[in-house]
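Next, two complexes with chain A in common: one pairs it with chain B, the other with chain C.
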Partner chain A sequence: MAEKVLAKEREEEKQRQAELIHQMKRKNRINAIVPFLGLIFIILFFAIVTGGRTVNSSNLINLVNQSYTLIIVCVGAAFVYGYGGMDMSVGYVQGFISVIIAVIAMNHGVPVWMILPISIICGMLISSINGIVSVCTRVPVFVVSLCIMNICKGIVATAVADTDIYMPYSEYSGWNNNVLKAIVLTVIIAAGYYVFEYTQIGKKMKVMGGNITTAKHSGINVTKYTILAYVIIGATVGTVAFFTLTRTGVVTASTGSGLMLDVMTAIVLGGFPLFGGAKAKIRSAVVGAVTVSVLGNGLTIWGLNPNYVDGVKGILFLIIVYISYERKKGEIFN
Partner chain B sequence: MKKLLALALCMAMTAGMLAGCGNSVSTSDTNTSKSSESVASESGTSESSYNFDAGESEYPSADELEPHKIGVIWYGYTDQLSTSMKKNMDYLASEFNVELVYAEAYLAEDCISETENLIEAGCEGIMTLGLFAAMVEKCEEAGVYLAQFCNVVTDDEILGMIADSKYFAGMITESDVSGGEMMVEDLYERGCRNIVWLSLQAGASANHDNRVRGIEAEIEKYGDLNVLATYRGTDISEALTTFAVTYPEMDGILITGGDVEEYYQVMTSEGLSGNVVLATFDIGEGTGERLESGDLGWIAGGQAPTSGIAFSLLYNAITGNKILDDLTQPLYRNFLILQSVEDYDNYVKYLEGNIPAYTGDEIKALIKAFNPEADLALYEEYNTNYSIDDIVERHADLFQ
Partner chain C sequence: MSSQCLLETKGIYKSFGPTRALVDVNLKINRGEVRGLIGENGSGKSTICSIIAGAQTADEGEMILKGESFNPKGNVDAQMQGISMIVQEAGTISGITVASNIFLGNLKQFTKGGFLSLRKMNQAAKKVLEEIGIPEIDPTALIDTLNFEDRKIVEIARAMYSEPEVLIIDETTTALAQKGRTIIYNTIRKMQEKNKSVLFISHDLEELMKVCNTITVLRDGNFIGTLTKEEMAIDKLRRLMVGRDLSGSYYRADYDGSCDDEVVLEFNQVTTGVNVENFCAKLHKGEILGLGGLSDCGMHEIGRAAFGIDKLLTGNVKLVKEGKNLIITGPEMAIKNKIGYVSKDRDKEALILTASIKDNIVSPSLPLLSKATFISPASEKKMSQEQVKTMEIKCYSDSQYCNELSGGNKQKVVFSKWLANGSEIFILDCPTRGIDVGVKANMYALMYELKKAGKSIIMISEELPELIGMSDRILILKDGVISGEFTRNEVLSEHDIIEYMI
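Up next, the complex of A and B:
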């Protein structure tokens, strides 16, 4: 009799566990989808209001062209924001790198294929200054990156004081190639995803974002990983500087100036935790970047009166964040 | 389920709210009496549209014209110049049965992206402030006409692309260099000998850079004109405050434009009023009082109607007519120069009021499809005659 009761209780316990596992799996499935809901909403919204213009093949190619810059930098930014850092300098670092590679390309006869690695190396070196100065001087990285931003801005302004720097567009336009961009984009997202989610580098940076003191006490070399985060974002900014230059063919005093705000908007819209930690995911940064690009693209094709654009943009932002955030626990779905 | 419900509700709320926003400026309902009241009723505000009776017209009315779709790429739509430009463009759209799609972009990357978006939106032509090689290339591939206004291209490679382009309609801008020269000349004639000049950071704006070139070239001509200090950057008001304290002998200020109301305030707060004369660009609030008090000697503006001339170049191209033989040569227009209270009163009455600088008929006269006599000479006549006196002469009867 007692055995039967025990067996029944075991059976009930098993059922309860199975139910819990089922609920957890269901929740995980929902949590995996929710960050994409905002993006899906915005794509559907513009597809409806533009009569499908935004989802035709030619516009999808445009979207790759328009979003790849932001996606690439957001992949790099995930490492910086993931460890709890911030980089205000990305835009003007891009401008500075553009000046360097434009001058090298035009005055030193360097082959075009060598410009991309040079650009990436320049990005890694310049951006790493943020991390190095911050850890050496213990000045908050936010302040350091603000200073680097101003230094780069000043250099770019001086370089283009007399005239904007024009690259020979026809010589470089072959590199402004959609297939090449798609390959580069895929490689960078895949590499970023792997390193951030599955290697010690990403995991340690997330621990630092969760609690820097705990990270130090658990033996993580905080200095090394802080600098590494800026080296990684620098590599992505260098990549972007090259491809942007092949697309625009010009360096002006404003080159890159809008990038920092776009990156921050994308990070927030994608539901990436601004102070990093375990919930930081590469996919959030990528989704945010694509969302920002879809929004810009869709609003123009929709042909909305410019007086209403900012208001509508604000409402759409709110809806996207509403859909993508789990307010009950004050957390972000990830 | 809750999420889906929230999504559905949000979509419904947004759709409801946007129902009143309408689409871009579609103007097929413009009537034949040549009144622009339809524009006013469409936007719902009298300030954002013109309201006058142009009388009988010798040209076809909007509803007799084939509809077209044109995109506009501009740096923003909130400051005074931009709102005036948009008001002018909306009016012309109503006169020509054109649907306008506005895009906001200033950076090269954004201008190229917006060109792609406008092509995707189905525009037959694009008017743009910034022009880059990829834009020419994309418009050429898509068979979309392109015109540049309020700025000109200087790069040889882009000029080469333009020269070979089937779809480039032309470039038109104000003569910034001569504007810079004129402001120096004016201050010199007023007896100013110790001046400062201030401008935006080099490279930030081609217009401001050209004005500086004009200032520097003109200053060279006067041996006894002493330049106390110069400033290039974004904090012009702060720099002006510093100059006011540092150089008490200063008697003239040249500024290449920006927020003139701030400059007027600095002149008052730093005690410059009555002792120093300002020459600047971009007409704003308080200009009338400053011209009256003598604080302001010379101010240039009136760029918004340039959009109308660019519109006519583009419309000519879309309707299969060519005006410019050499597309690499920009058309240059005068600025409107105000030097007295009377000038300012006329500016407010004839430029910022209910009548555009060029009526629909005046722009239609530039269109070969309506006026076979339209040619480069007529464009040059419009551009070189452009002044307060010219507008008063053309439009005085519209106030009767």
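Up next, the complex of A and C:
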């Protein structure tokens, strides 16, 4: 008799266990689609409040041009944030690269087609300084990149002190081409997705983001992969610097200035863990980038003074981090 | 012994995600009682204690302290109401003084007009330290200047200054040597004399039987039973914990300490920055080499040296592979040459807690899984599921996160990392630390199987019984040098070894 009661209890316990597992899986699924739902919500919201002006064809092309930059850099940023790093320097690195390639283009020293590779290589070199200095000096990369940011900002300010630098626009207008941009964008997302999710590079970086000591003990060369992460983000920044310049044709003191906040907001909006690790996904970075672009674009069309848009993004960033950041509760001693 | 009830829990339930940590737990602790609490890892011992101590809240159920409903808002609140806890892991905060650590979160009593009186605080700290019998610790010293053991004693002081009615000790003694243990036992006795209660968690069954009046057994979050002093017996306790008979012997049964003559790893004059001086030793194929001693004797550093984690001051560790000598230069190189390392600090060094079982298991094997840059999800899944199956890791799937697993299961994941990539040499630093008897028995069986399969093992341990029980050869270290060497035999006892340790 007692045996039977026990067996019944065990059965009930099993069912309860299954129920809990089911609940958790559902919660995980919901968490995974929240960023997508957020994006759809924002698109619908702005389409309604602006009477459809955000979704007409001319604005969509505009939007592609605006989000294009951010999506590419966010693919690179996934590697940096994925391993647990941070990069405050992206915006002014873009500015610095723009100065270099604009000067080269002005002097007509090299063939036009070589400017894009030069831009990418400059990006890789400049950005890798973040990783190299941080690894060699053991200064947190957050601090190093803040310094690099200021150095680049100073260089750009000096270069444009007398007058803004203009590209010989006519020679490069062919590059400001939506089909070409779409191809580049697709290739970068696909390559980023492959490398981050299916190769040693991405997987090792996620291990580092999860626990750097475990990463070392698992035979991962953390020095190499730290630097590599900055080389990758540098390549994306270099790409973006070139295409932005072919569109605007001019380098000013504010070139690239808002990029850093946009990247960080995009990363957290997309559900990418701010300190990296196993939950880091390329798709989060991309969805976040699109969301931030739609938001900035929508707010402007809705009639918000463009100067306030950064303020709104800052507040949004804080709110998202507040909601998504995992805090341990009730633990004082640990 | 008065039978007046001091603390009672009624129908406590708690879940972490899908893991059921506690199911309808009812405890009743009387005044003057020293209650032992045992169970395998994941049985819910630590959870029920942290709920009582206010560090977590229960999903369901109520607690009654001194006849009144008790709902602590946090550790400090619980302590103010008379419940103190000494935790399993290191619980001191570095960078501040001993006194600040003792009165953590309770500085109000020394504050006047916004200013903290350090003098008063230090005096009070001094008094507490004297009361628990360790006046030699200076309250104004930085906590970081103390060794692990003394830091633990500071935690005891923190738990005791508020004169608690109930003291909870969560597996603290495993980390302590004789001095610390004596202090804990004295503290327990004093509590008992004052007609207060102690809740004592330990994996050491003999210790529990010596110290406690009654022992409660938990299994998988369920209350199994409470034994009185007269009913206690080691076999009975083990059976209740595991829920089945542990068949055969705990350690390996043979006394054949021989092994292959082939040397696989050789330490040449190894001197590290800490502790170890001119250490020389050879590890043979199919040998279990035990390294023992007090916790700061240098044995842990030798493990790290063999895996190339720390830079050596002099000497080298040589790997002999296919007749060639290779010098160990770092973990990456060591892993490539089939060496695996199980760190003694599982949660901080060996595991990514915020990643899945699968991600953890494949982490050292990524280069092996990579085919023309591509790592297929199917190959990862195959590797991890094989390990989950052979190691019997308790989980609902290999995508479960490691922070949801119990200590024993976590350790199984760590072992799996090195089994999965086909390691030939295993460096195990305290492989059974904080693990219950059930999983321990599994680990010992596994080590023996590995030995039989011709793998070599260095087992570093602070527990002499397991060194004697498992090793082919034991090296005892004292202050960084080898003080004794023993080969496996039937009559070897702890007694023979201890004198070489101290």
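Here, the second predicted complex is superposed on the first by the 270 of 334 C-alpha atoms of A that agree within 3 Å, B and C clash if a C-alpha of one lies under 4 Å from a C-alpha of the other, contacts with A are read in each partner's own complex, and residues count from 1 in each chain.
Criterion: a residue touches a chain if its C-beta (ideal position, glycine included) is under 8 Å from a C-beta of that chain, and two chains touch if they have at least 3 such contacts.
Just so it is clear, the model here is predicted, and its values are computed rather than measured.
J.: Is A:T255 touching the first partner chain B, the second partner chain C, both, or neither of them?
T.: Only chain B is touched by A:T255; chain C is not.
J.: With the two complexes superposed on chain A, say which partner A:N150 touches: chain B (first), chain C (second), both, or neither.
T.: Touch partners of A:N150: none, neither chain B nor chain C.
J.: After the superposition on A, what does A:N178 contact: first (chain B), second (chain C), both or neither?
T.: Neither partner.
J.: Tell me which partner touches more residues of chain A in the superposed arrangement, chain B or chain C.
T.: Higher number of touched chain A residues: B.
J.: Using the superposition on chain A described above, determine whether A:T137 touches chain B (first), chain C (second), both, or neither.
T.: Neither chain B nor chain C is touched by A:T137.
J.: For the complex, which residues does chain A have touching chain C?
T.: 13, 16-17, 20-21, 23-24, 198-200, 203-204, 206-207, 210-211, 213-221, 277-279, 330-334
J.: With touch defined as at the start, can you tell me which chain C residues reach chain A in the complex?
T.: Touching chain A from chain C are residues 15, 17-20, 23, 54-57, 74-76, 87, 89, 91, 104-105, 307, 309, 331-332, 334-336, 341, 343, 348-356, 359-360, 362-364, 366-367, 370, 373-377, 396, 417.
J.: Which residues of chain A touch chain B once you look at their complex with the stated criterion?
T.: Of all residues in chain A, those touching chain B are 30, 34, 37, 41, 45, 49-50, 53-54, 56, 58-59, 62, 65-66, 69, 156-157, 160-164, 166, 168-170, 173, 176, 244, 247-250, 252-255, 257-258, 296-297, 300-309, 312, 315-316, 319, 322-323.
J.: Could you list, by residue number, the parts of chain B that touch chain A in their complex?
T.: 3, 6-7, 10-11, 14, 17-18, 21-25, 77, 86, 99, 101-104, 106-110, 112-114, 116-118, 120-122, 132-134, 137, 154-155, 157-158, 201-204
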